[in-house]
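The structure follows.
Going in written order, the chains are labelled A, B and C, and every chain counts its residues from 1.
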Amino acid sequence: MTFRKTGPIALVATVLVACGGGGSASHTSSDSTKSPASAVGVDLTGAGATFPYPIYSKWFADYARETSIKINYQSIGSGGGIRQLSERTVDFGASDAPMSDDELSKAKGAVMHFPTVIGAVAVTYNLPSLQTPIRLTGNVLADLFLGHITKWNDSRIKAENPGVALPATDVLVVHRAEASGTTYIFSDYLSTVSPDWAKAPGKGKELSWPVGIGAKGNEGVAGQVKQTPGAIAYVELAYAKQNNLPTAQLKNASGAYVAPSIESATAAAAGIADKLPNNTDYRISIVNAPGPRAYPIASFTWLLVYRNQTDATKAKKLKDFLHWYLHSGEGTAATLDYAPLPDVMKTRLDARVDSVSVGGAA
Amino acid sequence: MTAGVMRTQRPSARQRAVSERARSGLIRRRAVNIVMLAVLAAAAVITVLPLLFILSHLVAKGATSLDLAFFTHMPKPVGEAGGGMANAIVGTLIVIGLAMLFGLPVGVGAGLYLAENRGAWLANSVRFLSDVLNGLPSIVMGIFAWQFLVRPLGHFSALSGGVALGAMMIPMIARTTEEMVRTVPTSLREAALALGYARWRTGLTIVLRTASAGIVTGVLVSLARVAGETAPLLFTAFGNQFWSTSITQPIAALPLQIFNYAISPYDDWHRLAWAGALVLIALILVISIVARVATRARFDTGSGD
Amino acid sequence: MSGSSISPTVLMADNGSGTVVGIHGRHIGDRVYRGAITLFAVCVPLLVALVAWEIAVAGWPTFRHFGLSFLTSSDWDPVKQRFGAAPAIYGTLVSSAIALVIATPLAVGVSVFLSEFAPRWMRQPVGFLVDLLAAIPSVVYGLWGIFVLLPVLRDPVMPFLRDTLGLGKTPFFTGPAYGPSMLAAGLILAIMVLPYIASVSREVLLAVPRAQREAALALGATRWETIWGAVLPYARSGIIGGIILGLGRALGETMAVTMLIGNRQEISASLLAPGYTMASLIANEFSEASSDAHLSALMAVGFTLLVITIIVNAIARWLVWRVGGGAASKPL
């Protein structure tokens, strides 16, 4: 009788001990907050983009260490972030693509876009016989992904790569299965440089792909490419670097062949930054940016904040963080393969933070 | 019988033919018996193989990341050593505890109802709809929980995650309860009633107790499944980088953390993801063992072995 | 025994605990019990109704706009706001069918082995291991599939099936073998569905009364004949219940399938070709979808999946009813 009852009791006791034991462990571990008072509950909640998740989690961890303000960010997807922000179930959102006019009109107030870092989308491929990175133009890239070019030794690819022995392998296109900001940036670029692409499939987070197979996540795409000779795909720069994947050099708007890197991504933003009007809402695309060192497939990722905040304490915490990321956060971006904003943008954005206000009392 | 010597006659040709056929038939039947035994053993081996492959893969990739820090520390950004999944482990326990709170009574109650009212139209509908519920993608359950428990309240919570997961547990528990209760011999039930037990007491103490071993299996299998689900938690429990045990706040969970790490570009996060998966499976293992040990005293049903 | 209460004049006796239970106490207890389990049982249709209502309402604009072409068109284009779910519907049905065809014999086989042939000491641990398959998170199945299963399929399994066995001559095994395919998805689903069928089958088989087996053995049957003729028919409805549970799991699985199926919006007879499923479609696009039309289309897919689950379950039950002897058999 007693034995039968001790089992479930033991289980419950284990859970409680784990809660209590774990709780005390968090106070003694090195990354716990300094003041016990704020150990209960987070200060701000945010949701959205998956692309900047690594750098945001670093920023929020560093910020918590420095200021004891805890910000809980979860990457449920840009669309999810926009939706949660519109419903006000989170304090801020994050998106890899700017909100459309339609989405802005559905939010419960005016939403401000704050670019945080710049991502570069690398074109990666699996051609073991190549010793040097392959060179491609936007048009050739579009035709590869449209299925118009089906073999690697096609004359148009040869034209861009004189002297390189290209194999007669079939081209296998690998794209993202799920909707993503990476797809948005990539298709934005292809739509800009290729009228055929702009007609169909066009620009979007999720497309009707003419050819190819879909893999899940940047990781899935990278994995598929690594395993399939002849594959070509697009991935965030960080994945290409971490997986040691070869990346293509793309011809940019100024005619130079540029490889994707942190510097070339920042250069893309710099090329646009000084041309921005004073009242820009920062929902800008920087694909095919001008400038000799600019990488053509680059884009911002944004934090989304309501201009009119309802809670004064949260508004202050939010603004403090926004200032912080512009001053301190940007400095650590490169350590995780993210391109920081050009300085001229940082200054302007810093001033823009002050536009976030609290609408009246309570 | 006359007590005399029975004269054994030589079997006639026809008798010999019949016994030949019987013997060769017997040989064939015995051969079939052995062949089927081999086939079944092969099925058992093939079934267990993927588990062993996957577990060994997980161990190879993730075991090195399992240290004390893993179980006691919060997640750290990439590149910083010593991060852990303590909050996710506790979060998973809390969320599946809540799921059990919702799913177990409804599942067992529904199963009892189905077993005791077999022909009624309501019972048939419930049985049918329970199977339909089982077929819904987990993300639809998550969306449903978001619509009813997150949106009106304005924030994420462990509770909404528990409800989504609990709803997913119901079909398996109900089905197992019904099947196991049906196997309880009517004679047992009638004996209890004849002794003066009320129907409710018979149902709860005699019938359930007899069927409990099988029901526990059903509960554990459904618990194992929901413990590893990511999609329903994305919009309900949401996840939490920090320590939290409150059920009305967002909470961390192992599958969420595993997913975040697995889709990242960094190798040490991948290793943490595998380690997290190992811990999750080990967690289920421990819960299963404890549950089975706790109910083992009721095992002697007297049937089927 | 249906719900008739026992005559109070007969049972006023001591119920063993020393107290005489009054008539009123017994009736109230019974009523509360019956009320409670009915309440719990009713929760199930209530839940399904709520979910169905919610996704039906959200998906209605899509149905109204596209009509039947939503179910027959293969054109899924979020940019142009054109939505046709036919490839996803096809993929869901085919991948689930493959999963069940592979998993059922294995699951029933291992259950029979454990309950009939295996020595007692093997029963608990191996049964435990099989149940543990359900504990592996689906994302882990997907990752393992990508890194272990797909390379094995790409080379040597698929070329073996297509070329060496000559199955490539049939329309079911044609085309290049990239790896991600309907076959890969079906295989991983089979592994994921196994524990459901196996655990229910095992428990039901263990509960078959010893008398059944002994009777058959006494008549001279071999072990196998006992199982086939006396034990399995007795456990049949329970096993089928397990299969239906597995079917439900297969229809709704998202994560692992989307990592292995190739996510191509195309209907192809070949198992080596990539495909798509409804659950994957919803999971892939829901996080990022923010336009009303897109969200509505996804909810419409969810509703379609619900309807298909209902239809498939209804067909399964009808088949079982037929197999079980038609009107003469008990309800499933």
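The criterion applied here is as follows: a contact is a pair of C-beta atoms (placed from the backbone, for glycine too) under 8 Å apart; a residue touches a chain by one contact, two chains touch by 3 or more.
Just so you know, these numbers come straight off a predicted model, no measurement behind them.
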Chain by chain, through touching neighbours only, how many steps does the shortest route from chain B to chain C take?
1
A count of C-beta pairs in contact puts on top the pair B-C
Take the average of all CA coordinates in chain B, do the same for chain C, and state the distance between these two points in whole angstrom.
13
Length of the line joining the C-alpha centres of chain A and chain C, rounded to whole Å
37
Specify, in ascending order, the residues of chain C that touch 2 or more different other chains.
147, 283, 286-287
Residue list for chain A, restricted to those that touch at least two other chains
76, 80, 216, 220
Quick check: what residues of chain B touch more than one other chain, meaning two or more?
234, 262
For the complex, which residues does chain A have touching chain C?
76-80, 82-83, 99-100, 102-103, 170, 172, 177-181, 200-209, 212-216, 220, 223-224, 227-228
Per the contact definition, I'd like the list of chain B residues that touch chain A in the complex.
69, 72-80, 82, 86-87, 89-90, 93-94, 97, 150-151, 154-156, 234-235, 238-246, 249-250, 256, 260, 262-267, 269, 287, 290-291, 293-295, 297-298
Residues of chain B defined as touching chain C within the complex
29-30, 32-33, 36-37, 39-44, 46-48, 50-51, 53-54, 57-58, 105-110, 112-114, 116-119, 122-141, 143-144, 147-148, 167, 170-172, 174-176, 178-180, 182-183, 185-186, 189-190, 193, 195-201, 203-204, 213-214, 217-218, 220-222, 224-225, 227-231, 234, 254-255, 258-259, 262, 273, 277, 280-281, 284-285, 288, 292, 301, 303-305
What residues of chain C sit close enough to touch chain A in their complex?
75-80, 82, 142, 146-147, 150-151, 154, 176, 178-180, 258-259, 262-265, 274, 280, 283-292, 294
Can you name the residues of chain C that touch chain B in the complex?
1-3, 5-6, 11, 13-16, 21, 25-26, 29-30, 32-34, 36-45, 47-48, 50-51, 54-55, 105-107, 109-110, 112-115, 117-118, 120, 124, 126, 128-141, 143-144, 147-148, 191, 194-196, 198-200, 202-210, 222-225, 237-238, 241-242, 244-245, 247-249, 251-255, 278-279, 282-283, 286-287, 302, 305-306, 309-310, 312-314, 317, 330-332
